[in-house]
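There are structures below to look over.
Shared chain: subunit A. Partners: subunit B in the first complex, subunit C in the second.
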Partner chain A sequence: MAEKPKVIEKPDVLEQPDILKPPAVAPLVTFPIEVVVPEVRQQTPAVGQRATRADGRLHGLGQTKYIDDMYFPNMLFAKIKRAGVASARIKSIDTKEAEAMPGVVAVITGSDIPCNSFGPSLKDQPVLADTRVFHAGDGVAAVAAVTEQIATEALEKIKVDYEVLTPVLDPLESLKLATPGVHAPSANIYGHKVIKKGDVEKAFAESDHVFEGSFRTQMVEHVPLEPYACIAQWDANGRVTIYSTLGRITLGRADVARTLGSRIRIVATVVGGNFGGKNEIRAEPAMALLSKKTGRPVKCVYTRAEEFTSSTTRHPLIMDYKTGVTKQGKILGRKIRLVLDGGAYCSWSETTLGKACILSAGPYNIENLYAEAFVVYTNKTMTGAMRGFGAPQVCFAYESHMDDIAKALGIDPLEIRLLNAFDEGSLSPTSQKLHSVVVKESLLRAAKRFGWNGIGNGTGNGNGA
Partner chain B sequence: MANVTLKVNGETRSASVPPETTLLRLLRDQFNLTGAKLGCDVGDCGACTVIVDGQPVNSCLMLVGQVEGREVLTIEGLATADHLHALQKLFEHFGSLQCGFCGPGVILSAKALLDENPDPSTQEIRDALGGNLCRCTGYTKMIEAIKGAACILRGEEVPAVKSA
Partner chain C sequence: MKRRGRGMACMWYPIGFTVAANPSAAVVKVNEDGTATLLTGTVETGQGSLTILAQITAQELGIATDDVHVVSADTDATPMDTGAIASRTTYVTGNAARMAAEKAKLILFDVAAPLLGVKATQLEAQDHKIFVKGFPQRNMHIGDVANHARVVSGQPPIGSASFNPETLALDPETGQGKPFGTYVYATQIAEVDVDDETGEVEVLRVVASHDCGTAINPMLVEGQVEGGVAMGIGFALEEEMLFDANGRHINPNLTNYIVPTSLDTPEIEVDIVDSYDPTGPFGAKGVGEPTLVPTAAAIANAIYDAVGVRITSLPATAEKVFKALQAKREQQPKQIGTGAPPAAGASNNAAVQ
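So, the complex of A and B:
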């Protein structure tokens, strides 16, 4: 390890005079100025340095303005009616009674939206369901009223007549060709990836032992502390300004523009927690139309319940592993099948599918590999981006599988990993040459730190590796 | 409509609101004090924490009828015109807030704790933050900041931070 270069120490907040004004904001540069580009495997000068967040002071003063903290004169509040059935055909929507309520200014349904489909990859998601409901959290109508409470009350006055259909809920059922399509006539499998390396069947035949394991993970919601919020303002020249809790505003702008066929300006402020759940638009086009219809700014904030039912979540995975090993525990071949439950819409499924598949073999040198991944539609809350894009799910599976193999062979779980782990210059399953590989060093150092001493003899709880 | 008069950050304020209005909505919508946040609206996340008569409360669970004549402190009232509160200073120093959405609630829970207990243990700080959820930063840096602020408020030096 090279010696760490000297850097200029920045004055810290504790050394600053204890006053609020001036300056009321942190200095612009809060990281070391002299940044030396490090050589491979050299520690970067930023590591170990203290840095203060530029927005830290306003956060602490409670002065950071999130979308829900903004207000425009004469603003209306919107609420979205949720379907509550997993799969149905919409026969009719009656909004008359809601529209007649005092305080209700406008109601829109899916048929009011010029191009009622969007999505960051496949455009398979309606802004408001018009003819078909694909999952229980689908919106079917949106109400703008002078108060949030009146809007909520108006939702109950909207009458929707459904022809309830049998939902597809099991991803393994959805995988079968005989299962009715969630988005018929499209097939339920909407993404597929295969990684092939060597000859896995031959490797199994040459192995001393072949182990199989099946692993499942559940759906996970991001639960950012700030619920989704947006404010739309349609001006007289046909331009729309949307203030939204979006992490990717340019992508959002393209999606909204396609839906409305209008000129869009998206303003994003500080996001109160994203984790991948605020990477795409949700109700923005509906709010823009409510604003157009009323000539007033319209704000919509999701309830915590809506965050769970009507926003993206982490893909649940069903992961089948088959691994051939020698008596010593050296992996000769591995076959993997991943089934991703994509929920009702594609969202970021293709990215998740790719990353899960590429990483599914784990950080191990495996000459013979066959990894196949599918993502399927089900009538459930849609799944999308969430920290790691599928990586945490497969990590749970391959590491659990390694532990099972070690236990069956009577080998130290650490040893089996040291025997198979990547080295400097190893090739990944997709033949990327890897640099700065320190898996073995990290494992050994960690084992030493927490006193790992063979199978279950460590002072830790045995789950450290 | 319910008429309510209370003291907010030292100032007497009145409003005429529907009786089902919560203290959180009163502060945010009537008094434009948006520091307290609406995170879950059911008292789970603590983003709406304010101090009422010295006690930290979930303002989303308190109705306006319950605050008549009481004294409320929000995050906006914590710093004086010239000086940051020690907690705000240390939260900034330790980088204890990433997205910042839970911050006002966490800081006020910590303030209520330090008012009662000037030298809390780590476990006591954890207990005090039991009603405040954070999803970005985690609690380690917050606990460091609260311990540091306790030092400042006791008139002691803030111990040096262990380097990574």
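So, the complex of A and C:
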């Protein structure tokens, strides 16, 4: 049992009257007025210097202003109602009760948006779902209220009547013709790419060994420290200024202008991490419309849950590899099939499909290659741009496969890579002549730095067991 | 018992896509105090790209990084940019910034040439000065030249330029062609401990040898590599968005969706491979995305080296590694010591989907 606390006759806080000063404000952050510029920023020539970042000082002092720190007079706070069902037909949306709530200033739905579709390549993504829900994170209505709390409460008052449909969740199911179209009448396969070089079947016939492997990767999110955020401010001249966490404002302006048909200025603030997740617009058109409707600036900051379910993610891949090699480990031919789970919308799938397909053979000289890639719709969170655009997935496959081949042939993993790796002037899978190629240098340097001693190097029982 | 394993993975990654137009524009103004302002439509997303662009601009003008003020990311005030994507900023926007700075510099040379009594082609900019090649003592401060340009010559030293790696379509049937401006290469080697009773994997050390062309700022390259490796560890071992049978995401929070923290981050040794790409600004290519590309593969190979199970689906959670170990034990007859090596073929290895 803890000791009974003593009764304090005179709270010692009274001896520190500063603490009681109302209102309770955080102490003023002070910083040195004399700014000492690090010498490395003042040296010439500038290239090659380990120059510190101009924004580092502000980050360190907590003075960087992110969107969540920005405020405009009369600003409203917006929240978006999420569908919560993966696939459904929207029969009706009733916003009356929410609109009647004290503190709620405006509510909009998809039908308020002049052109309710966007996307970097296929325009298959609604700003707010109006007739169909394609994944559980779809927005169906947006509320602007005087506080974030009231906006959140108002979401509960919005009644949506759904006809729930069976979702398509497995990309391999989606690939089959018999599976109902996620975006019917469009087909589920919305991207297809082939790279063909030499004669892969002939190469397999000439090979001493043919190896097969199948690999899968999962869906992950970018998890930036700062979730998606924006503030829209519609002015009396009909120009709208949008402060946003976007990583590509030129494209963002084109996309917002298409949905609203108005004059747009986009200012990207300091972004708290992107990793590809902020490469296209999200709620900007809805916020701009709320601002137009209310005549007041409107701010929207995604919750962590929304950042997961309602922004883009990394494509899960299903990868099948077949490789023919000589006894010495030289790759003669490789056949690859990739299936990308594209989620509910296209987003940057075409770019990811292209990069994954081109890179899937690895940094190796392979004269006979057949790589085929498909991307399919499923009723899951949309997949899009993410650091690597398909490359980490295929690298996991081609490098795991490479070690399996090395192991089976009794060749050191370093040796088999050096045997097959690109040289200066090598031809890529698309027959592009490569320049400034240093893959062998990187292998040798990493091996030297690490202390790689060849096979059986691991102290575990795996490698030689 | 903990078993140690080592695994390597190498990769290639393209910089500057050319299958679609990929332009960036930039404006450089040289100011009367010898500083310069760079206008760019790209966005600083935390990677340090604005510092890199300042260094490239400063290098071309012969001034220091701190002398270049970068104004960015306002569609009203800055020129268009394809954006902070695809590891393109150093290569594409960097080329645009260098070319814009060069144009401003050539105006300064035109202004300075009669003052120094030589032709503009005989001038060079270095260390805040514009001087006659081979005669560095015959020089003018860059700020004085910029001021002279304003008050006497009437030629404001402003340069604007755009760069677009030549757009080329691929053959639609065979996919053959030149889809990218250039490529970078890298190798990572991981050392892991795998607990063969629990399946838990701990990454102890990663050596990352990366090519980025000229390292405009080696410190920022190291920062990118360290961040990329950490992200790769999350991809390899921890992170996964899970859905229920109705397609609802069931772990949309950082309690159930685990991302690596500083405690999960091993010792990362960054090695920058010497390389120079003539098509990039001062030989630079890029480094942002490639840093996480080989990490998961290197870790998966290290797990195999440690305990002899091939993880064929990510993430390699403790549960998955444990199940693979169990399957492997069930396959093998009980034995003491090491047995004969398995026959050729990856299919003989215990695998788990």
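The definition used in the following text is that the second predicted complex is superposed on the first by the 409 of 465 C-alpha atoms of A that agree within 3 Å, B and C clash if a C-alpha of one lies under 4 Å from a C-alpha of the other, contacts with A are read in each partner's own complex, and residues count from 1 in each chain.
The criterion applied here is as follows: a residue touches a chain if its C-beta (ideal position, glycine included) is under 8 Å from a C-beta of that chain, and two chains touch if they have at least 3 such contacts.
No experiment lies behind these values; they were computed from the predicted model shown.
Asks: Considering only touches as defined above, state whether A:181 meets subunit B (first), subunit C (second), both or neither.
Replies: A:181 contacts neither subunit B nor subunit C.
Asks: Look at A:60 in the shared chain and tell me whether it touches subunit B only, subunit C only, both, or neither; answer first, second, both or neither.
Replies: First partner only.
Asks: For A:409 in the superposed arrangement: first (subunit B), second (subunit C), both or neither?
Replies: The second partner, subunit C, only.
Asks: Please indicate which partner A:301 is in contact with in the superposed arrangement: first for subunit B, second for subunit C, both, or neither.
Replies: It touches subunit B, and subunit C stays clear.
Asks: Of the partners subunit B and subunit C, which touch A:417 in the superposed model: first, second, both, neither?
Replies: It touches subunit C, and subunit B stays clear.
Asks: After the superposition on A, what does A:68 contact: first (subunit B), second (subunit C), both or neither?
Replies: A:68 sits against subunit B, while subunit C stays out of touch.
Asks: Thinking of the overlay built on chain A, is A:272 touched by subunit B (first), by subunit C (second), by both, or by neither?
Replies: A:272 sits against subunit B and subunit C alike.
Asks: Is A:51 touching anything from subunit B or subunit C once the two structures are fitted on A? First, second, both or neither.
Replies: In the superposed model, A:51 contacts both subunit B and subunit C.
Asks: Is A:220 in contact with subunit B, with subunit C, with both, or with neither (first, second, both, neither)?
Replies: Second partner only, subunit C.
Asks: According to the contact criterion defined above, which of subunit B and subunit C contacts more residues of subunit A?
Replies: The partner making contact with more of subunit A's residues is C.
Asks: Overlap the subunit B and subunit C contact sets on subunit A and report the shared residues.
Replies: Common interface on subunit A, subunit B vs subunit C: 47-48, 50-53, 55, 223, 270-275, 304.
Asks: Applying the document's contact rule, which stretches of subunit A touch subunit B when the two form their complex?
Replies: Per the touch definition, subunit A meets subunit B at residues 12-14, 18-21, 26, 47-48, 50-53, 55-66, 68-69, 71, 149, 222-227, 270-275, 301, 303-304.
Asks: Quick check: in the complex, which residue numbers of subunit B touch subunit A?
Replies: Its residues touching subunit A are 18, 20, 28, 32, 34-42, 44-45, 47, 74-76, 78-84, 87-89, 91-93, 95, 97-104, 107, 133-136, 158, 161, 163-164.
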